[in-house]
Amino acid sequence: MIEFKLPSLGADMDEGTLLEWKVKPGDAVKKGQVIAVVDTAKAAVDVECWQEGRVHELVAAIGEKMPVGALMATLLAAGETAPRRLGAGEAAPAGPAAPPLRRLISPAARKHAQELGVELERIAGTGPHGAVTLEDVEKAAAVPAEPPAAPVPPPAAPAADKAAEMRKAIAAAMSRSKREIPHYYVAEDIPLARALAWLSAENARRPMADRLLPAALLLKAVARALQRYPELNGYWRDGGFVPGERINLGVAVSLRQGGLIAPALLDAAAKPLTQLMQELADLVQRTRTGSLKSSELNEATITVTNLGDQGSHGVFGVIYPPQVALVGFGRVAERPWVDADGGLKALPVVTASLAADHRVSDGHRGALFLRELAELLQHPEELNR
Amino acid sequence: MMTEEEARDVVIETLKNIAPEIAHEDLRHDRPLRYQVDLDSMDWLNFLLGLNKRLGIEIPESDYSRLITLDDVVDYLLSKVG
Amino acid sequence: MDVEHHAPPPPSGPVPWDKDFAFRLLADMLRIRRMEEKSAELYGAGKIRGFLHLYIGEEAVAVGALHALQPQDNVVATYREHGHALVRGLSMNSIMAEMFGKREGCAKGRGGSMHLFDAATRFYGGNAIVGGGLPLAAGLALAAKLRNEDRVTACFFGDGAVAEGAFHEALNLAALWKLPVLFCCENNLYGMGTAIERAEAQTDLCVKAGSYGMAALSCDGMDIVDVHEKTREAAARVRAGEGPLFVEYRTYRFRAHSMFDAELYRAKAEVEEWKTRGPIHTFTARLKAEGKLAEEEFLALDAAAMKEVEDAVAYAEAGSWEPVEEMLADVTTPPEAAP
Amino acid sequence: MTRRLSYREAMREAMREALQNDPRVFLMGEDVGRYGGTYAFSKGFLDEFGPERIRDTPLSELGFVGAGIGAALGGLRPIVEVMTVNFSLLALDQIVNSAALLRHMSGGQFPVPLVIRMCTGAGRQLAAQHSHSFEGWYAHIPGIKVLAPATIEDARGMLAPALADPDPVVIFEHCGLFNVEGELPDNGDDCAVDIASAKVRRAGKDVAIITYGGCLPKALAAAETLAQDGISAEVLDLRVLRPLDDAAIAAAVAKCRRVVVVDENWKSGGLAAEIVARIVEHAFFELDAPVARVCAEEVPIPYAKHLEEAALPQPDKIVAAVKGLFA
């Protein structure tokens, strides 16, 4: 059975109204044939079918409004026969309701499949009502997914497994981001002479264990700047922007074995620098030992990536969906700088960038945000509150 | 008193706590350490904190510029402890 | 109102007590009165919540009866028990703090107005199920008897409880096993809003108690002299091993059943008539007539009572709330405390 | 060394021991004295301990249960026998509103060290009013401990710790177990068992049957049948119905992944429902199949034998429920 679903006919189309069917049940349909006319927000559009077959049932009614992806019609492929339906007067079997359409998977099976990386879709269930059981998962895990063309390597070591899984997760999130989020980018060079001088003085009077890194100052400044530009802090959900209740900075932490995780520094704007530094150190350490809390993994409202003193000049990041912005910092380095009265100096400078979701904000606001960030970093003592 | 040998051992051991994957024999002792081992600023701070804990020496930020290679670090420690 | 309850004639005759004892009883009635009046005010102010059953009008019963007991005796009371608790020896501070729900209260704020408890004075509550205290009293008396202790258990309950099965079961057990229980029935003529004539086929409660084979006597609950003298005699008989004894105190509550009610169940005139027999002013009048009490002395007692109330309120105000983290304590004995 | 005795004898021995060891202990209830106990649990006690300590009561459940509470407050350690759970409804006010609450309402001043024993359950054609199982109701109440001895060992050993407990303990003795005989390890005088944990009565790996009281022998019989069909069933005896041993329940689920809860209470709002809820709360991701219950049918227990049997959990129903968890 081929399912013909309402296609997305434009980036901004979420739904459509069926105006006309161009076929009726029993008609043969060729690839590319226009079979329906659908009204979208912009215009009436001819809808083509990209599969061949014979129309079995027209599910959608004329005048019906449907979301993109809704089932409109079913087609029978060549050689396929219609499934038997209950005739008139033929009662549905009494007793327990028909098994639900959802696949039945036991909780233990689902959990174990995830641990083993087994795809549940390819497992036939043998439990009650055909549910996939733990045993089914174990059996499936023992058999390779596809008939192997070459000898299968032995099951990967757990560490490699994990790295591969992480790569997969990053791939999925970043692909989705680039597919769905219309990014724009702005950048700003920010002189850090005052900030670093203040930091040196501050660190000189602190014990080693309480020393602050420039990263803490940058994060605090981002959090403060976000208070004035809340449209950069939050999520894109269900077709709209949902502002974050607090400012939870996702801090991109690269792992030594490759990959990265961006756990959240919760409520960063409200925390004094010393606390922020301690939490940052703790977060980095736990990220690397793999003992993060789920709230830290889920609750970031924006991501900050900091390539640090080993990194490049600047970085233009990919937004982590459903977040709507990412702030990047490049390497802090001495660069020539023209100051207000026209003099040329060598100063430590960092390039800050913003990648943001154009559905939520515009470049102008993004630029203002970076200006605010630059301004805040000129008054480091005020960030220490 | 600490011998150079002992100082070097302490440095390597502390480093391994931060970056367990490093192979001692691959390290060039006269080349910048942070590029060889890929230490970010947090790692670097933790490395120095580790030395501070083991040896009880305070390392002011102003001395960071003297600590580039593994040899530099060993010399620095010896000068502080010795 | 087709049911009328007339107040008894005013008490008369000499007060058979020395000045010191009479003053103590008068002082206790004043302490209860002032505490209850303050409680009503604090209820209005939202400081005391839940149900609040005031004892105003009935003070002579608790004061007269409890002064007839000894320290080793047990007391079981109802939800209208502030006065009993106070006379029994609980501090007004701990009672007020309990009604505020504070940790410094006699039940740590777990009980409130209806559940005042105190182990030190053997005050077993504070039972808010009508009739619920009677079987407990029988059991307490059973324990005393089996352990050969010189201990009377005084159990207070209202006329409403007489309709409950627990009343009959407990009286029967106590009489059957000759238990040292003093059943103290405070008959204020109304079970909440239902006149006793509408609830009981036999309104002579002594007849009911007597049917279980125990001595039963009735007294004027508005007359502290009658209450005390009869209770003292009854307690002595129980203590002597005669078995349980039933005393009915015919009394009247001047205020609503709980804080407020529309008082549709009794006539204003009836309430006013009973108020003229108020236990405090009739007793005061008798003492004055006998030359045992001067007006200044009365005012001094009253001032002391009011001062005690003010102090108790300040104590309760200053008290603390039990932390929510400790909420699950005192449900069962913690394992480490169990033997 | 072991010795063989019946549930009834075990219970009687336990009470006799308690009466001998502690002068504060006394037994009170309907026909516990001259009659010798409705189920002969206290036969001969009157002669041995006298009428003060073996106290016949009138048919007055509210009164004498309340008196037991008062006696406990007064320093004694009463064992109050309520002839059956059916009659305990008449005493429910005292059990719930006094025994369970006094310690709490008094801010910890008045714990009630009382043991209430009652016979429970159906299976003897006693019809609707005399066949109740209300263990679940009692297990609902904070402030009391609820025990269900189902073995000779527990019948013999649970009373002593129950009497030592500073709070009220309600013991449910299933009427179907009284004549069951079993071996008891001969430990001299020390027969006490813990009253905090559930116990695995038969180890297995494919399905956990969680039960207690009168259903334990039925669950064990079902496990035997299942073993012949190649299904290895673990049988967990809850023993203590309040507080429940969550860890043991979760462990059985984690081990077997499939669970059938067997309980003579009605299904709606019964104890089995509580156990299933806890499994879902604590062990959801361990489950490999839906949880099944075998409970009393939703009908007052009928008189006629075949109907009574049909209304109650039985080994074959348990077997069927287990098999339903496999395809």
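In this document, chain identifiers A, B, C and D correspond to the written order of the chains, with residue numbering beginning at 1 in each.
Here is the rule we go by: a contact is a pair of C-beta atoms (placed from the backbone, for glycine too) under 8 Å apart; a residue touches a chain by one contact, two chains touch by 3 or more.
Predicted model, so just to flag it, every value in this text is computed and none were measured.
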Report task. Find the chain most remote from chain A, comparing centres computed as mean CA coordinates. Result -> C
**Report entry** chain B and chain D: spacing of chain centres that average the CA atoms, whole Å
**Finding:** 68
**Report entry** Centre-to-centre distance between chain D and chain A (centres being mean Cα positions), rounded to whole Å
**Finding:** 54
Requested in this report: State, to the nearest whole Å, the distance from the C-alpha centre of chain A to the C-alpha centre of chain B.
Outcome: 39
Query - Averaged-CA centre spacing for the pair chain C and chain A, given as whole angstrom - result: 70
Query raised in the report: Among all the chains shown, which pairs meet the touch rule set out at the top?
Result: A-B, A-D, C-D
Query raised in the report: Where on chain C does chain D make contact in their complex?
Result: 74, 105-111, 115, 117-119, 124-127, 129, 132, 134-144, 146-147, 153, 165-166, 168-170, 172-173, 176-177, 329-333, 335, 337-339
Query raised in the report: For chain A, which residues are in contact with chain D within the complex?
Result: 106-111, 126-128, 130-131, 133-135
Query raised in the report: Quick one: in the complex, what on chain A touches chain B?
Result: 200, 203-204, 208-209, 211, 213-215, 254, 256-257, 280-281, 284-285, 308-310
Query raised in the report: Mind pulling up the chain D residues that touch chain A in the complex?
Result: 257, 284-290, 324-327
Report summary line: In the complex, chain B touches chain A at residues 19-21, 34-35, 38-42, 45-46, 48-49, 52, 58-62
